[in-house]
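One chain, subunit A, appears in both complexes that follow, with subunit B as partner in the first and subunit C in the second.
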Partner chain A sequence: MRVPRPNRAQLGAGALVLAALSVGRVVTEWLPEDPSPVRAFERTTTLDREVHLRYGNLRVTEVDGGKQLATSTSAMLSPGLWVTAHVDFTPTVDKVGPAYAELRDGEGRVLTRGSRNVLECKVINPGISGHCLVAFEVDPTALAGSHLALTVNVNDQRGDDMAVVDLGITPAQVATWKARTTPVELLMPKDAT
Partner chain B sequence: MRRPTRRTVLTIAALPVALALALGASSQRLVDRWWPTFPNEQLAAAADGSVRLSDTLDDAKGTHPRVVTMRFTSLERVSDYQEAAGAKTLPATVPADQTLWRLTLHFAADPRTVLGACEVQVRDADGRQYSPGVGDAVEDVSEFTSCTPPGAAGPMAALSTDGPDQSFDPRPAEYDRRYHLLMPSGVRPDNVRVWFDTPLYAEFDVTEP
Partner chain C sequence: MAPVGMDGGTDSLRATGRWGRARQWLATLTVRQWLLAAFLLVLVGSSPFGGLRAQRAEATPTLSVGVEQTVAPVRLTVTKVRFGSDLGVPQAAKIDGRYVVVFAKVTGTDEKRSVPMYDALRDLLRIEQVPGVTKPFSTDPEPSSDDLRPDTILVADDAERMGDLAPGLTYTLAFVWRQAPGQPVPTSVRVAAYSHTFRQASIDDTYDWRDATRAAVGTFPATAYEKPAAS
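So, the complex of A and B:
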């Protein structure tokens, strides 16, 4: 059977269909994926490298760990480890501060706030440099390779920027923290806003 | 090259219309849920600069009319904290790169009206939004944004259908309300926004102090 040769209009229509499918594919790739179709827009960075978010600039400046945690109000001992982080945050649009934190450990498990984990930030006006304290109680075997995720909406993280920070924790660091006998002090710097 | 047919032209011309219709048809969440949560409907100002809000407030006992007139009084840099004219002046320790501002707004409303919660923002020309608060600059002070005089908020919204009407201390018919804000030094305030329930809001231009 002889296959009819397509004319220019048919070729053009075919090209348009292919172009539309390609655009659809690009849009699908760009949109957030499962489990929620409107998950957060993750902005990745590493320790001591500032990340620019829709609502402000964030930098994790220091990570520490140990079995004992000392804050301004409590002292807590963990059967695992405490990992702590100091975070600088400057809002750029309105008066906000990080209000949601999760730790994604090296095995992909996600730890959120509980009664013991710490996220303490002051909510400040745009242009003022603020500071946050973060502490998570973790399983030491999965701590290496952990990432800290932070955003400003405690109730709904979808559809907005979220900082995802590689804390740069190595197995050697975890071993040092496990052997540590002094508490990890997690206190606001004296000049912090 | 062959000229496009009339049908081709019409089809291409209809594409933007179809796209607009598709976007419109899928915008229910945006239009009905997200957009009304923002102050996006500016109230008109009278010749004297005051703005009159006339809407309703819903509480457990029903819907109540709310009429309140607002006026911008002043926004000035200050070095101390004073909750209201005649109140005790408290020292402020303002960080080197920040400035403490005092905003004064004037409100007038029937003392029997339940005003409810409100928001107050100072904005700069780029749209950055600054909210009241003094951080650690003033000891033992935590600013709570309301549009009623401190300690004299008047009647409050009912939380249950069968309880008695609750009220704070009586609210005067007219009063000045002060707010203190810490902003980075160098910020040039452009306007002040006040709203009770979105989307209605009052906006006042700020003259350079």
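So, the complex of A and C:
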């Protein structure tokens, strides 16, 4: 069998396919490299200042730290430091509460919650104030300047509001927490509903 | 076409004649014969470099006590291997069988984010050729321990379960497997460390540490677990 010679139309079609692939490659290279081009809508705030989100209002009321953490179920010792936060949250739409938390340290590294860090919420019906406890283990050298990010969807944070809270941690605070010998107690307030 | 080798024919005519006959012969070849010829050409051309045989795998780096190895996305130092039926903590209390525990210091090498437990860390270590090891949450002995995840991973400092590995921190971890009752005591344990690659999934846009690759291996003496003295 002889291989037939391609005619002009076939050659033209081949050239168009190659050109389309080249254009696709150029477009791909121009797209952002971040794993999630569709990101959350970040609503920034600071310690003790309420932020209004699509699904509720959130305020970080208290930040603390130390090498040891005591919760209602466990006592944990960190090779770095534990940083804890108390969060007031009032749902406005549905009975939802923060289910996803990440800590962005002072060097911009993202600490995911995993199963050792703490995010525990008591959330009631819309309009009724609830409370959350948060704790992350952090490298002390990068703790100053950390931000806490919270949102309601644990599996997918894209395309919805996310609170990003500047915890206001200073190097002096970090030094105090490193010298601390007592555990940081992280317990639900007695009046939390 | 002038016949080749005719008396009085020029060299060029002779060459044209040979080329012409070669072209005629080549035109009679089928596609299958062309592909076969190309394959033979590749085979002959590659033979000085070892042919098409599979390349021999590079020697796997050795794990040994107290020696740090980088196994992406962590730096890892195996410190000891212990066995016992009671590790003295609620997460590894007394059992009928036996725990086999690999202790290692682990530091994340990812400069941007935590190393997640539920892909890279859980699949970091395996114990090989240890008889009667069970799968997590199972009590039945498996025929081979080589591919079995640890039953649990504990932080040695507080005996709590490990989570995601925060950047910049070094943990001493206890990778805990279980042996079913009646299995022989392992006097030495071969430990394999697996590296991972951070890449996007083939079918969606999620990124994770994937493609576990056996990157380092070493055999360690296993001794009975000694409970820390009460302070």
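By definition in this document, the second predicted complex is superposed on the first by the 157 of 193 C-alpha atoms of A that agree within 3 Å, B and C clash if a C-alpha of one lies under 4 Å from a C-alpha of the other, contacts with A are read in each partner's own complex, and residues count from 1 in each chain.
Note that in this section a residue touches a chain if its C-beta (ideal position, glycine included) is under 8 Å from a C-beta of that chain, and two chains touch if they have at least 3 such contacts.
This is a predicted model, so every value here is computed, not measured.
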Partner chain in contact with A:A15 - subunit B first, subunit C second, else both or neither: neither
Where does A:N117 make contact in the superposed view: on subunit B (first), on subunit C (second), on both, or on neither? second
Once chain A of both complexes is superposed, is A:N125 in touch with subunit B (first), subunit C (second), both, or neither? first
Just subunit B (first), just subunit C (second), both, or neither: which does A:D139 touch? second
For A:A175, decide between first (touching subunit B), second (touching subunit C), both and neither. neither
Superposed model, subunit A: greater residue contact from subunit B or subunit C: C
Is there a shared patch on subunit A that both subunit B and subunit C touch, and which residues make it up? none
With touch defined as at the start, can you tell me which subunit A residues reach subunit B in the complex? 8, 92-95, 122-128, 191, 193
Going by the contact rule at the top, pick out the subunit B residues touching subunit A in the complex. 2, 95, 97-98, 121, 127-131, 133, 135-136, 181-184, 187
Sort out for me which residues of subunit C touch subunit A in the complex. 27, 30-31, 34, 111-114, 116-117, 155, 157-158, 160-164, 166-171, 200, 205-207
For the complex, give me every residue of subunit A touching subunit C. 1-3, 35-36, 74-80, 105, 108-117, 136-139, 141-142
